[in-house]
Amino acid sequence: MFTDLPVELLREHRTAVQEPADLDAFWSERLAEARALAEPPEATEVDTGLTAIRTWDVRFSGWDGQRIAGWLRAPAGATGPLPAIVEYVGYGGGRGSALDNLAFAAAGYAHLMMDTRGQGSGWSGGVTPDSGGTGPEVPGVMTRGIDDPAQYYYTRFFTDAVLAVDAVRALPGVDGSRVGVTGGSQGGAGALAAGALAEDVRAVAARVPFLCDIPRSMTITDARPFHELVDYLAVHRDRVDHVLGVLARIDGAVLASRITAPLQISAALMDAIVPPSGPFAAFNAAPSTRKEILVHPYNGHEGGGPEDVAAALRLFAAELGR
Amino acid sequence: MFTDLPVELLREHRTAVQEPADLDAFWSERLAEARALAEPPEATEVDTGLTAIRTWDVRFSGWDGQRIAGWLRAPAGATGPLPAIVEYVGYGGGRGSALDNLAFAAAGYAHLMMDTRGQGSGWSGGVTPDSGGTGPEVPGVMTRGIDDPAQYYYTRFFTDAVLAVDAVRALPGVDGSRVGVTGGSQGGAGALAAGALAEDVRAVAARVPFLCDIPRSMTITDARPFHELVDYLAVHRDRVDHVLGVLARIDGAVLASRITAPLQISAALMDAIVPPSGPFAAFNAAPSTRKEILVHPYNGHEGGGPEDVAAALRLFAAELGR
Amino acid sequence: MFTDLPVELLREHRTAVQEPADLDAFWSERLAEARALAEPPEATEVDTGLTAIRTWDVRFSGWDGQRIAGWLRAPAGATGPLPAIVEYVGYGGGRGSALDNLAFAAAGYAHLMMDTRGQGSGWSGGVTPDSGGTGPEVPGVMTRGIDDPAQYYYTRFFTDAVLAVDAVRALPGVDGSRVGVTGGSQGGAGALAAGALAEDVRAVAARVPFLCDIPRSMTITDARPFHELVDYLAVHRDRVDHVLGVLARIDGAVLASRITAPLQISAALMDAIVPPSGPFAAFNAAPSTRKEILVHPYNGHEGGGPEDVAAALRLFAAELGR
Amino acid sequence: MFTDLPVELLREHRTAVQEPADLDAFWSERLAEARALAEPPEATEVDTGLTAIRTWDVRFSGWDGQRIAGWLRAPAGATGPLPAIVEYVGYGGGRGSALDNLAFAAAGYAHLMMDTRGQGSGWSGGVTPDSGGTGPEVPGVMTRGIDDPAQYYYTRFFTDAVLAVDAVRALPGVDGSRVGVTGGSQGGAGALAAGALAEDVRAVAARVPFLCDIPRSMTITDARPFHELVDYLAVHRDRVDHVLGVLARIDGAVLASRITAPLQISAALMDAIVPPSGPFAAFNAAPSTRKEILVHPYNGHEGGGPEDVAAALRLFAAELGR
Amino acid sequence: MFTDLPVELLREHRTAVQEPADLDAFWSERLAEARALAEPPEATEVDTGLTAIRTWDVRFSGWDGQRIAGWLRAPAGATGPLPAIVEYVGYGGGRGSALDNLAFAAAGYAHLMMDTRGQGSGWSGGVTPDSGGTGPEVPGVMTRGIDDPAQYYYTRFFTDAVLAVDAVRALPGVDGSRVGVTGGSQGGAGALAAGALAEDVRAVAARVPFLCDIPRSMTITDARPFHELVDYLAVHRDRVDHVLGVLARIDGAVLASRITAPLQISAALMDAIVPPSGPFAAFNAAPSTRKEILVHPYNGHEGGGPEDVAAALRLFAAELGR
Amino acid sequence: MFTDLPVELLREHRTAVQEPADLDAFWSERLAEARALAEPPEATEVDTGLTAIRTWDVRFSGWDGQRIAGWLRAPAGATGPLPAIVEYVGYGGGRGSALDNLAFAAAGYAHLMMDTRGQGSGWSGGVTPDSGGTGPEVPGVMTRGIDDPAQYYYTRFFTDAVLAVDAVRALPGVDGSRVGVTGGSQGGAGALAAGALAEDVRAVAARVPFLCDIPRSMTITDARPFHELVDYLAVHRDRVDHVLGVLARIDGAVLASRITAPLQISAALMDAIVPPSGPFAAFNAAPSTRKEILVHPYNGHEGGGPEDVAAALRLFAAELGR
């Protein structure tokens, strides 16, 4: 069933979250801190059994200088620098197997699939630890480190996401002037954050992005992971204002106000995990002059699935070439 | 939790299903009938946006001469005939998007992903109708046409599966002497059937294969699709012997007695959809002299996931080259 | 809980589905095609162990001339032609056991319980196959044959339903001028269709009728069988307009505009399978001058249960005699 | 899935419950107490809209002299005394609508459908109160009055069941020498109890009878209503011996040792509400020389459904005539 | 997710239930009848193993003179009469273990935890039987005795609740002029009833009180125990007006109009068992001049948990002293 | 239903886990490392509104010197050093509210309720962070830090548990020669660990202890938190031996071999979260000469509830005095 507002109202929907006064300063500090600790990325080619696609195991510096893993894939036989796509992963997963996610490289791009700190044990594997501490938390990462906005898990993750863009530009064979970002769900949130906070991203394709218009989303669904926040506040009843203040710094519907690159977002009207008012709120907040929202009326959180990927390929072909 | 016997007993487990006396005759007739009606396959190249992999939309003749769809993929720039892999799809799905399932082609094979008649509307799309009639049936295909073994849905599907091997051999650029078959779940059942019934298949890799040791499987799990059979027999209480007789003709643990090619099967000890005694029963029935079973103790029906695919790539590299 | 609009709004609710321009032509063609192929009905008396009710196993010609089964029941010792009631069955079921559904015959009517093509394996048994082909489909019949409105499953079923009225009139001992139709859920949809499309039906009693105001219903519940349509469109995202166009031809809230006979509909305010806006939309669309809606505020899909049957008996007594 | 022992072991299964030393004395007292308070039954004909079956609203004296309701049905136009069938109802239900359960009367019997004290608000309605008190109890009747075996709910209900046989013999038009008892689930338990405790019952047909081999049944299923006992003992941990002692007096696998009439029991191997070891234990305990067990391998608690009813009709035809 | 109206509308929400014309007379009669039958309370000290808190097993006369159990607790070493708190228990539970619920006594009060008639077998134990009869009922107590408002279960329970206040005043060591009442869920309903109907209660603290604005509540949640009423009316479709008339006499949002003592109510916006419009309706109906509502936005039926208890302690300290 | 072996076999059940050769050395090092970093505990009295029980907010040094919180409670007016009980909390919870868990203090003991690092946001609150890093993990703590046994979450937690015993001995008013440990579920695991690893613990009462015989437990239930391990190994298929090796160091059925103090364990035969073979394996491994197992046949994970607490009070009264 439809899980949110009628589509006519979604098209007008904007978040009620106030932008924190120090939003830009907050993120400038985070990125400056992390970049000050960054070491150059390393890429080691691996034998995957594939002949048409080459694959490197990458390590780069993310939040607090911690080394984040990723897979870099590129078409075999490529000559000359390639445009690049950085992709982020959905909640619980990691960069996955070297045999997964071949489409972007098969389409001619250098494709960096960033691993997710401390996740990578749910539906796809990963290897990256999460070295920031944790306060009292609900199982999952939604409330990890929420005592301090500078230490909050998604501050760490979004810092990783931005530094992944730095890293791909520093890898050989990449044309750093042509970089796009993408991902679905949590990965879509990462793409919005990188689109807002990294320099000169040329295109952003966020499929059913999570973490947008959070205060509303967490009250209109019982599904995880938004519900982790509810579970936390159900016990820590005195921390509501603090928690909402931290979340405002990483809300995709707030950060989207900083996206000027061409933008593609998808939303699904039967999505109970990411109710569509979140993606619409992000879309409506973005000042991008070229932007498109793909609305899937009969889908849940799978959104447009391969059709969203095909649309992203079209966007990247137009904006980055290939 | 473990869903079946202890692994020591699984390693000895054999089905109690009796091989029908006319098993070979039954299938010879089916294949002869279908081949008599077969027209040559057609392959039309499509633009998928991928540059490293070429893709053709294929139609070939299956059961009753009906045209079955598929995707043929091959690495761009291949010269000379390629070894081929025919893959079958899990229950409910179809050949999927042209952007899915790129690994076998990226590994250097001609890869035919057969569409599934009358399914292709669940987790992945398809276009192939199922033109055989239906008697009274439970939603799903498990009881479709079960009044007549020659018309039963899985007789149709396995006939398609064998003729897909014929078809891939007839396509240009394929080395018909080097063909392997693979698939997971229902697709694994298809691979076992093709391995048993098609000529000169060189390797069979069946991940968590469905439809093996059916009379046992349907009594030790409540999960669909095996449960469709239970629902049917719960109403048609007088048809038990007839139904079990039909099923004996398509049971993977019976057909496996005809597999002599190198064989790889995976089984998962926490699989509630395909309890592992079925895959083990098929494995133990196969006379293949080179055979391997991959046991995943902590997995459900996802089995070994990408690790099973990697194992299949190793098998195909050894048996078919690339 | 209440599953739909407040009852005051339900009383005003009308479907937003547009009547297809060719609605009457479409159905005239279907019925003409089927009647051209029709053979006379056959009725063979069976020994059920009952002494007060006689029972015949009936076969008559439905869509495409296919023979449809049914039970004809009549009170033992009846003399002279009886008024007749044709009843249709809910989703998944068939005509059931000869020992079920005795009330209408015990009330003095010739009662034809029509079997349902290709179902009859869920909660009650049946014997009638469904010989039309299937395209890619979701398990169940909601998307069977949906590529072509003339071949769509419910086009077939409604054609059967109308020809069942023809058939009962052709059976001995029936007064063909006094025929009513009834059924619950899918059977209620059949009754509405027969009331709209068969000639001179004298009374229509549809309990919690399914398949009314379909585009709305499928977005306000997650329950099957409406959800089969959602599952299909979730994969076949490009077929929305086509599918809605086919459904408009069989929507009970559209067809009801052709019902002029006395009409009784029931609706249940806590029905999550058939949300009550569908039955109300059908009711509000019918031009019948004598019509009654039975509203059950605290019931789910069982609706009024035996109270709806008792109300139907009162309607038939008034309109058909007994 | 199968919910209990393999069928070979079920065929040998006997309860471990010890027969209470005072079993016969206990029940003799209960019945003597109740009969001492009994008033003659009353039967008032009602207009149901049915013409082939006549129906009377009956009141008779049960446990503690309380008046129990029922429907008496008989074929219209019957002349001469009829053999009679007393039927009991499943858990939660009551005697239901006057339009339900017509088969036995339509088959030529006087059919008394006994209402269930204090239930009749679940799946079918009833009107009979339960005037015995309650101690602390779990919702439902399984633990009602369990402090005292003479006051326990099922002592009351079984006393009602036996006195229903007395009552039907006292009604006009009934041949009291030809009485059978039947019912499904809780109603099957009632039939076993009446078969064990009433005089000269001529045939007993118990479909998937509940309340047999209770101590085992309550530990091998989590389904209600057996689970009510578990919930009670989970709180009243010190009452285990007392509770099991009370239950031994009403356990169908104990009472069956007193059944000498021809006996028919059905059991379903996938029944999670009444695991089949209970019905088998009752069957194996009965000294009847003519007994039959109907085993439904692929059914749940619906058991054989109408096929069990048909079998009961055959039993009654053979033993009672019609 | 939020389970009810937006909080701004909740703050204005009032029940649509009409106060029965005879409300005061009804309750005066009930209390007069019960008090006429009352015997003095008895209290027997028990050894619980606790040294800081003394505990007595209490019996007092409730509805119809029946003896109701309770625990009286008081701090060891108390000298002089103590202010008292009477507490009622949530649905399914009883007075519990002597080791539970120590906070009020540890805070310096005489604390009477009233047992619940006929419950005490769910999440906490009890010993008190419920000796009123039952008509046809749904498992649970919501429909017990609903044929007669004077016999209805909650009439009995609320009568017990008021007489518990009488009883605590009659126990030694209690200062009868300083009595407060409290409880959560069903216990909160008991506290509202005692606050409305007992004389001179000095403070009322009702946590997420059940049984307020019942006709609305039962249509906006599917959760038990409100759903018991729906189940009953789904079968007894002709009893809606009668049942709603009985419930109006015990509805907390009606009775609250008689509460003049200082009042504290809590409500939880994600409560699916007691949707918050019920507690708000009670709050808004109360003429108390000092009243406070504690709103927990992210909690379900646990409400404020220990924070609600702490708030109650503050209320009682202010109103009763300690 | 029973969730594990028959009770006769449970009484003989021993874990198949091999004791690691370095078990004592491993733990000696962990404790020595932590004690080397320990600072004295601090205790600050808080105003809880309770008059009979005094409460202090405690901080002490645990694993890696990190400060762990706790509540210390003692009866008001105590003179002279008190025997002490250290209690640990179940999975997801923290030390809870100051108003909870009053029984041990009310029974005359100094009662230290240790907070749980990084949890305290589920069913009861806490304030203690968990400052060790995390590798890729499944939501929850079961796989946190599992790359290194010295850093594994439960190594940290058990180190905290032992140092809590050190801490309580260092607090004023405590008789350090009379200390017992207790807890339920995860808290029971903590009690077993402290009983095995802390010096001179005088009594151990572990209610339904978690984390015993882990390799078996994780394969016979699908319930969390054991299932977190399965989820992890389902993705990290190559880490099985490593993970089982880490778990062997913290398995309660291994550590119990070091418990010589009087021991009380409870087990529940219907416990699906902690199947009873785990608690029995721990019980059977303990060399204590005075040990008792409380078996609750009809309980789930609540075990004996307040009856287990009462039994613990009896044990502590016998072993520690009061």
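Some notes on this structure:
A, B, C, D, E and F label the chains in the order they appear, each numbered from 1.
In this section, contacts are C-beta pairs under 8 Å (C-beta built on N, C-alpha and C of every residue); 3 or more make two chains touch, one makes a residue touch a chain.
As the structure is a prediction and not an experimental result, all values here were calculated from the model.
Within the list B-C, B-D or E-F, D-F finds its counterpart interface, over half of the contact pairs alike by residue number, in B-D.
Comparing the chain pairs A-B and C-E, the larger number of C-beta pairs in contact belongs to A-B. Separating the CA-averaged centres of chain B and chain F is a span of 50 Å. Taking each chain's centre as the mean of its C-alpha atoms, chain C lies 37 Å from chain D.
Centroids built from CA atoms put chain E at 39 Å from chain D. Chain centres here are Cα means. That of chain C falls 63 Å from that of chain F. Among the residues of chain C, those in touch with two or more other chains are 307. Listed in rising order, the residues of chain F touching chain A in the complex are 92, 94, 118-141, 143, 147, 231-232, 235-236. Across the complex, chain E is touched by residues 49-53, 75-77, 96-100, 102-103, 105-108, 305-307, 309-310, 313-314, 317, 322 of chain F.
Looking at the complex, you find that chain A touches chain E at residues 219-222, 229-230, 233-234, 237, 240. For chain C in complex with chain E, the touching residues are 1-2, 269-270, 296-300, 302, 304, 307.
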